[in-house]
Each structure stands twice: as structure tokens, then as C-alpha cells.
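To start, the structure itself, in C-alpha cells.
Chain nomenclature is as follows: A, B, C, D, E and F, assigned in order of appearance, with residue numbering initiated at 1 for each chain independently.
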Amino acid sequence: MINLIIAIVIGVLILIMAIIAVHHKNIVVGIIAAGVVSLFASILYLLLAAPDVAMTEAAIGSGLSTIIFFYVLNKIKRQNG
Amino acid sequence: MKVKNIAAIFLILLSIWILLNNQFQIEVMIIGVILSFVISIIMGSRITVFNELKFSFKSVFYTIWYLFVFLAELVKSNLDVARRVLTPSLPINPGIIKTKTVLKSKMGRMILANSITLTPGTLTVDIEDDILYIHCIDVCCEDIDKATAAIVDKFEKILVKIYG
Amino acid sequence: MVNTLLFISAIIILLAILLTLYRFIKGPTAPDRLVAFDVMTVSSLALIGLIAKFSSRIIYLDVAIVYGLLSFLGVIIVSRYFERGL
Amino acid sequence: MVKNSLIFIVLIGFAVLLADLFVGFNGNTDLNTLANHYAVSGPEEVGSANLVTAVVITYRGVDTLGEVTILFLAAAIVSFLLKVEAGASLNRKLRSTSEILDTASRILVPVIFLFGIYVFINGHLSPGGGFQGGAIIASGLVLMLLAQPAKEVGHKLITLVESISGISFVLIGVAGVLFAAGFLDNKLLSLGKFGTIFSAGVIPIIYIFVGLKVGAELSGIITNLHENQNEA
Amino acid sequence: MGNILEIIGAVLVLLGSVFLFLGALGLVRMPDLYNRIQAGTKASTLGTFLTLFGLLLIIPEWWGKLVLLMTFILITNPVSSHVLARAAHYIKIPLTDKTVADLLNKEKTTYKVNEEIKNE
Amino acid sequence: MENLNLEIITLITGVILVLIGIWGLLTQKNLIKIVIGFTLFDTGIHIIMVSIGYVKNRTAPIIDQSVNINDVGNSVVDPIPQALVLTAIVIGLGVTALMLTYVLKMYQKRKSLEINNYNDLKW
């Protein structure tokens, strides 16, 4: 029962975050929101009894891909002067 | 001097390995010892912060004592912030002030800054040599000495005994 | 008894996460949103602990450790990007 | 306007496609045959407590090999595209790091490395494995680079670790053909006692190599991006 | 005996979640970024700490990883909020009107801006 | 309420996430936003795959003290989708890195992130 409630709330959160990620005009906010989507997706995986996938998603989806996005964004900002 | 540093890293890593595994089979321990040794040898030349640790009965005692003081302050700070949040008029009086510290060791300064961040209405914004810039939710005084006495001293007097 | 209390705590934590969501949507500047992100992830760390208790599997706590590590790293990356330190 | 409606049509098409696939799906109540075979006989055949590891390394080991190859290609193309002149180390204006972050990173980086190694050594007992461990090690490297940007990371070392672990991975697979039942067969070593750290045949060794390889590849991508940040 | 420990643990978990909720409330109510960081970090750190400690009392066999998590949170959380506050002050996120003092801003001359990083 | 299973909820979440991702891919003009849309699409597909492998009231496919070793077939969920998703996530990271590198290269050529400025192949 409690798993269902957690899943519903987290699912709604994921969808709201995804809409923010796509539609916010500030790209930095978009990337942070995409990271949040990954982090909450890993909670969903945990509820679905997939700790391996949850760990991968937490480590890669939110950590490393955010880093790569920000490195690229930083380089673009630097070239703009 | 260097041996102490490596030994400190080794002991910390080994205890973390034991906590992670939560079992005391002989092969797990052997792997843990080898891994911690290799990592501490590789990283030991760069990570010098553990040089400042003192291995003595007194420092262990004061570390535990510090932990208690710190946890008490943590609870107190949270009650304070909770009171402010729940009051409808939001009684805050924020500002950034300066304080001083006498600690020289990097490790001690990090612990001091972290403790300040976690305790009553204060947040370390910047640290510059021996000046700490602190954002207060309720500014007591803008004078540097009074602020030091109010915010830093209670942690510092214990940390001085551990890190000198 | 114990389980009821834990259920209530889980629901309170979910409410807390929803409140931080309000700050994330509204928060006028990007650093405000980053604070909301930080609080959100640390709250979900507690939630993961509770999920591990509900499923009574200790292995889920490994995920919590990775989660704590990565949320810390994320905040630091974005902060360093803001202050042009990347 | 026409374009927008086109996008809507595409979206509706996808929605119908996905809904058509999942309509009437009401949750599984039992495993299908293949999964049941893996779950029931997996622990005896492979000796790995983590069935996902058993599938990734042994039953679908060739998939993993291909996956690692794809990652290698991605890393190689990234480093090819972002090629910087040799010797062009850090020359850009940066804001100095806070002293607290510096100290904290020095304490945390070895812990993160140890945790990453724990994750891939225990891949057959607890969640995790080579991919996660490699990602965690790369994250530790990122923390190091964030706290001390001037740090030089040895490209040669990364390439060396990567190629050695890749070659060893393939060699273990070939040894499986020669001395056991087939490619990447894990009965090269004895299965050991179920649930202990030295069990499941060669799975821990393969996972160590996969972890080192993935970690080296991701670190390569990160360091390439990091060194490419100089102005213009 | 074990039962009493369990109930104490459950109450601690509840207390922790209440602190998390208060932190989130503070995040919503506070007027500027720095006060939000204050409310957010303190409450979330203590809240998570208490939750994990309560779990430790309920299931004592899990002590290893729970203790590790608690130490980890106590080290990382203040560091991340400090780094965030420092960056925010550097890019001049405004303080609220109620602010009475900003001594960091006054001393801009000693403030190292864009300092060329030294090779170690 | 009887039909409301955990896997149905996550499945619906995944499907809507996929649709949002495609929407972002098609409507956004900024190259980085397009890559963000791609990652959302990726995550949605992964959630769908994992929820298909879920079996009601069962636990993670990792055998330790809390799983009865003689009755594994009736107590764990399907491990195969999880294994596939595991590799898919890592490949997704590689592809994202590659796409972002191309974005960087394109920006260095044209000094623009707008997709409308890249119309060399338009006919």
C-alpha cells in the first residue's frame, strides 16, 4: 500500500520535472531538472525491486551525465566571452 | 611524518571496509587490508591532511566529547530554526559577519566550518586565512571579537585540544 | 504500531518533497532551485532508508550510499559552474 | 501551424503504438520460462547470488562485450573530436576553490575509490558490478578535478588500464573456450561456497576488469572535456 | 526489551520526518537564498540523521551501513551548502531587504576574484 | 483500486515520460534542449522495461538471508530486463557524451545553438 502511494507521488514528480526540463527557458535549470528526473527514477527502480538498475541510474544518469552537460555548457559560455 | 599519514588513511579505509561488509570472514579482511594498503600508498603522497591527527588517549576522548557537544548544538539549532519558521511573522534579522579562528590545521578548520554551518542560525559563506565570513539568521553583533566569542569559541576550544 | 508510525513518516517525507517542489518551480533564481534540489535529494535518502525497511533488504542501502554521494557531487558541480570554476 | 500539427500527429502515433502494446497488461503474476530457468538453476549453474550479474556476465556475456566495445568507441570518438595540443595544460582564469571543499575532497576521494572497488568486487553478492563501480570511480575523479582543477591526470595511465583490462576480459573469454564449456564460461575456476566473496568462478575477476575498463573509459571522457575548457 | 527499542526507533523516525518537513517549510517561507540554505541544510541533515538513527534502533543488524551513511551525510551536506552559498555570493544573488550587515561585500578588495590558480 | 498495481503506475509514468521526451526532441530549437529531450526519452524507455519485468509481491533477484534459496523461482522478479537496462543506461551515457561533443563542435563552427541556423541540407 505504502509502495503505491510513494510510486504515485514520485511518478507525478518525475512528470512535472520532465516538463520543466523540456520547457524552462533557462538551460541550467533544464539540466538540473533532468538530473532530478534520473534521481527519482532510481527510487522507482528501487520500488520495482531492481537495485542494480537503481544504482546505475543514480550513478550515471544524475552524476556523470550532469557533469558532461555542464562541461559542454561551460565551454560554450567561455567561447562567448 | 609520512608514515603516520599513510597509517591514518589506511586505518580509516579499513574501518570503512569493515563497516561496508559487515562480516568478519578472513578472506574479506585480507582483501580489505590489501585494498586499503594500495589506495593509501597511491593517494598518501597527495593527501596530507591526516598528518595533523594526533593519536593519543586525550585526543580520542576530546573527539567523543566534541561529537556530543556538536549533536546537542545540532538539535538546538534545529529547534531554533523550526521556531522561526513556524512563527507567522518570520522573526529574522539576517546578515553576513566576520569572525576569527586560531586554528591552523586544515582538518580542524574544515570541521569547524562544518560545525558552524550546522549550528544555530549560522552558515559559513567564505573562509580566508583565519577569517570566517558567516551568514547569521539573527545577527548578534557586528564586532569581530564579540561575534567570535558568540559563535566560534564553543567549538574552537575543544578543537584546539585535538588539532592544536 | 511500529509500522503505522513508519507509514506516517514516509507520507510526511513525501509531503516535504512536494513542498520543495514548490520552491523548485517558483524559486526566482537558479541557485534557489539548486537548494531545492539538495533538500529534495537528502529527503529522498531518508525515503530510501524507509523503503529498505519496508522491503527488509539491507542491500538497498548500497543504493542510498551512491545516492548521497551523487547528490553532493551534483550540487558542487553546478555551484562551480556558477562561479566559473569549472 | 502545419508543423505543430505534424508533431502532434507523431506524438499521437507514438502514444497509440505504446498503448496498443500495453493495453490489457495487468502485471505479471509468475515468471516466464526463460526467467524461471535462470532464477531456479542460476544459483547452482553459475554460483552467483546476484542473478542480474549471472545474466549480464555469463548467460549474456557476449552482449556485455559488445556494450563495452560501444562505450570504448564513444570514448575514442570523444577524445578524437576534442583533441588538444600536447602540453597545453591548464591555462584559464578560474575562481579558486574554497579551502573547505579542498580538504573535504581530499578526505572523500579515497573513500569514494574504495567504495567503487567494493561495488565491483561484491558484484556477485550485492547490487552493483563493473558498470556501477566504474561510474563511481569516475565520479571520484570528477570530485578531484572539481576541487583541484590544476591536477594533471595521466592519459597514458588511463589508456594503459583500459587496454590491459579490455584484453584481459577477452582473454578470459577465450580461456573459457579452451578450458571450460564456452566463451566467457565461468567454471574456469571452481564455483566455491555460495554467498562468499570467492565464489561464482571467474565472475568477480571479469567484473574487476569490466569495472576498470568502464572507469577508465568514463574518466577518459571526463578528462578530455576538462582539458578542453581553455579559452578558444 | 527489543519492542521498546523498536518503538523508540519509530518515534525517532517520525521526529526526523517532521524535521524534514519543517526544513521544506522553511525553504518555502524564507525570503532569500541564504536563509533558505540555512533552513534547508540544517533541517534536512538532522532529519535524515534522525531517520537513519531510528532505523538503526529498529534493525540493529544494519548498523554498519547506517553508521557509514550517517557519517557521510554529516561530512558532505554542510560542505555542499557552503560551496553553494559561496558561489551564490560571488555571482551577487541579492540578500533580502531585512539584512542588517554584509561585511563580506564591503571588503571586496581583499576578495580574491578570478585569481590565477597556482600549480601545487 | 484493484487494478492499480505498482507496475501499472510506473508503466504509465514511463509512457508519458517517453512522450514528453519526444515532444521535447521535436519542438525545442536549442541543441542542448534536444539532447535533454533525448535523455528523458531514454529514461522513459528504461522505466517501461523494468516495470514489465516486475512480478507482484516479489523481491529483488539477489539471494541473501532474506530470500529462501530453495524457492527462488517463486520469490524473485525477472532478472533479464534488469540486465538489459543495466547495459542500456551505460550506452545511453556514451551516446549522450557523443551527442554533446558534436554540439560543441557545431557551436565552434557556427557560433550558434539554434537548430534553425543549421539548414545546409534543407531542400
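Quick note on the criterion: a contact is a pair of C-beta atoms (placed from the backbone, for glycine too) under 8 Å apart; a residue touches a chain by one contact, two chains touch by 3 or more.
Note that the structure is predicted; figures quoted are calculated from it, not measured.
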Touching both chain A and chain E, which chains are there? C, D
Neighbouring chains common to chain B and chain D, by label: E
A-D against D-F, pair bridged by the larger set of C-beta contacts: D-F
What whole-number Å value describes the gap between the mean CA coordinates of chain B and chain C? 23
Per the C-alpha centroid definition, the whole-Å distance linking chain A and chain C comes out as 12
Between chain B and chain F, tell me the centre distance in angstrom, where each centre is the average of that chain's C-alpha atoms. 39
Can you tell me which residues of chain A touch two or more of the remaining chains? 3, 47, 49, 51-52, 54-56, 59-60, 63-64, 67-68, 71-75, 79
Which chain F residues reach two or more other chains? 6-7, 23, 53-54, 59-62, 64, 76-77, 82, 86, 89-90, 93, 97, 101, 104
Flagged in chain D as touching 2+ other chains are 50, 52, 93-96, 98, 100-101, 104, 107, 115, 119, 126-129, 131-132, 135-136, 139, 142, 149, 218, 221, 229
Hey, which chains are touching each other here? A-C, A-D, A-F, B-D, B-E, C-D, C-E, C-F, D-E, D-F
For chain C, which residues count as touching chain F in their complex? 55-60
Flag every residue of chain A that touches chain C in the complex, lowest number first. 2-3, 5-6, 9, 13, 16-17, 20, 26, 28-29, 32-33, 35-36, 39-40, 42-43, 46-47, 49, 51, 54-55, 58-59, 62-63, 66-67, 70-71, 73-74
The chain A residues in contact with chain D across the complex are 51-52, 54-56, 59-60, 63-64, 67-68, 71-72, 74-75, 78-79
In the complex, chain C residues that touch chain E: 1-2, 5-6, 8-10, 12-13, 15-17, 19-20, 22-23, 29, 31-32, 34-36, 38-39, 42-43, 45-46, 49-50, 52-53, 56, 58, 61-62, 64-65, 68-69, 71-72, 75-76, 79-80, 82-85
Seen from chain C, its contact residues with chain A in the complex are 7, 10-11, 14, 17-18, 21, 24-25, 30, 33-34, 37, 40-41, 44, 47-48, 51, 54-55, 57, 59-60, 62-63, 66-67, 69-71, 73-74, 77-78, 81, 84, 86
